[in-house]
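Let me give you the structure first, and then I'll get to my questions.
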Amino acid sequence: MVFERTKLIRFHHCDPAGIVFYPQYLVLCNELVEDWFDEGLGVNFFTLHSEIKRGVPMRHLEADFLAPSVHGDELTFSLAVEHLGGSSMRLAISAMKDGKVRFAAKQTVVWAALDGAPRPVPIEPEWRERFGRYFVD
Amino acid sequence: MVFERTKLIRFHHCDPAGIVFYPQYLVLCNELVEDWFDEGLGVNFFTLHSEIKRGVPMRHLEADFLAPSVHGDELTFSLAVEHLGGSSMRLAISAMKDGKVRFAAKQTVVWAALDGAPRPVPIEPEWRERFGRYFVD
Amino acid sequence: MVFERTKLIRFHHCDPAGIVFYPQYLVLCNELVEDWFDEGLGVNFFTLHSEIKRGVPMRHLEADFLAPSVHGDELTFSLAVEHLGGSSMRLAISAMKDGKVRFAAKQTVVWAALDGAPRPVPIEPEWRERFGRYFVD
Amino acid sequence: MVFERTKLIRFHHCDPAGIVFYPQYLVLCNELVEDWFDEGLGVNFFTLHSEIKRGVPMRHLEADFLAPSVHGDELTFSLAVEHLGGSSMRLAISAMKDGKVRFAAKQTVVWAALDGAPRPVPIEPEWRERFGRYFVD
């Protein structure tokens, strides 16, 4: 299963060249991961941090910026789990418009305990099951 | 030759976990590239865009987030040219503190003409010479 | 008539104290003004800039930060026109949760022509009519 | 005494109109307040939060955006204390270039204890003395 959300490119995402300033794509990816927890996995991202004491800090990132986007564009962001490791997972994220990929990323995030200094912990079975629903080979 | 600048981690770079929000590392990389043009290559980054009509849009990015940084940290950012292609180059950027790498990235940027829609153009000999000074094998 | 939109406080809006970093309220206000043009006034904000060559640069801002908001809060933003001048207007914006105002601002924006250097121009009758629909005494 | 620092307008501060996106002026004000604590008042801003458990959340803001700034501009930011109350103070901040004010703000910040939920506390005599050095009538 793939998680999808439409995101509107805002004036404040764009730079003097009139196109999305590239770090803003990563801010939008962060929003997408929030949406995925809130609406796809059914666990509020704020609760995840504040009560469940888990988080998903970024460990490794690869991204391709394939075509520019401008203010007013509506992009379809997709997220799938590409690899589910012991205490990390690799997410495949892309942003498309009119059937063309504008931006594509692989993000390896750590499953981290947040009680005290963040540290990697094994992905618990219930979480493995949740994340696994979005596994795409 | 390697280009270096110290950057202070600001309150506004950090997230509710108290550490640098990862897209902010890329904003700092963008500042570093500006500094490199202004002070390392001797060509003002604003003039580059507005008069010389050249820019360096991001094409491919790889980044490792190796250890967290907090508000108040002074990081030493380094930049070198790792590969100099026909109309693109790959920059190696890292951020260290106390001899330990916190963040490391490879950024492939395009050498683009900005008169009209941005398009890749061959790196002219004078620019090849400038960029080449920071080539590190 | 008052224009309203719900905005979700994102992880990336918040600072190490765990609350909205105050300039982010103004980024959200900017989104609200975009939404107002797109959906309230029926003129796409991107088209406004790129084709109609009009914009609404900020001239004067007053803001009260009355209670903190945290990641995960859903705030109801409201916008009304409080004063409609010759070539400027004052917007009253607030953000509430559970009937309590968290943030309130008055923003005086200029009606500016964007063909060449931005300059104030008289608000045309058709625009005066549009803006007037959201006038609240 | 007035506290001054030069700030360079970066590419990432600017919007598709090529000028500073107005909330970014407030991010720069926040940096200025950090600089003031670190270098003017001699108390590291990070230590202030993490050890001394004091902070200066924004309560009321007024700002005038008088002339646009572009990427590459070096602005001289000034900060003075205009009013020193029981548990708050009003800062006067401006940003100039070539003797002309581009941006001016009054910011009322609260002197807050950060052990537990932030709450206003009386400005202690030692802090009153420190802040008082930058008092300008």
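Note that the chains take the letters A, B, C and D in the order they are written out, and that residue 1 is the start of every chain.
To be clear about the criterion, a residue touches a chain if its C-beta (ideal position, glycine included) is under 8 Å from a C-beta of that chain, and two chains touch if they have at least 3 such contacts.
All values reported here derive from a predicted model rather than from experimental measurement.
Do the two copies subunit A and subunit C share over half of their interface residue numbers, or under half; same or different?
The interface of subunit A with subunit C is built from mostly shared positions.
Using only Cα atoms to place each chain's centre, name the chain farthest from subunit C.
B
If you tally contacting C-beta pairs, which comes out ahead, B-C or A-B? Let me know.
A-B
Just curious, how far off is subunit C from subunit B if you go by their C-alpha centres, in Å?
Averaging C-alpha atoms per chain gives centres 34 Å apart.
Take the average of all CA coordinates in subunit A, do the same for subunit C, and state the distance between these two points in whole angstrom.
Chain centroid spacing, subunit A to subunit C, equals 28 Å.
Centroid of subunit A to centroid of subunit B, CA atoms only: how many Å?
24
When you check subunit B against every other chain, which residues touch at least two of them?
11-12, 16, 21, 23, 27, 30, 49, 71
In the complex of these two chains, what residues of subunit A are touching subunit B?
The contact residues of subunit A facing subunit B are 16-17, 19, 21-24, 26-27, 30, 49, 55, 57-65, 68, 114, 118.
Subunit A touches which residues of subunit D in the complex?
The contact residues of subunit D facing subunit A are 11-12, 14-16, 18, 21, 23, 71.
Using the touch definition up top, name the residues of subunit C that touch subunit A in the complex.
Spelled out, the residues of subunit C in touch with subunit A are 10-12, 27, 30-31, 34, 44-47, 49, 70-72.
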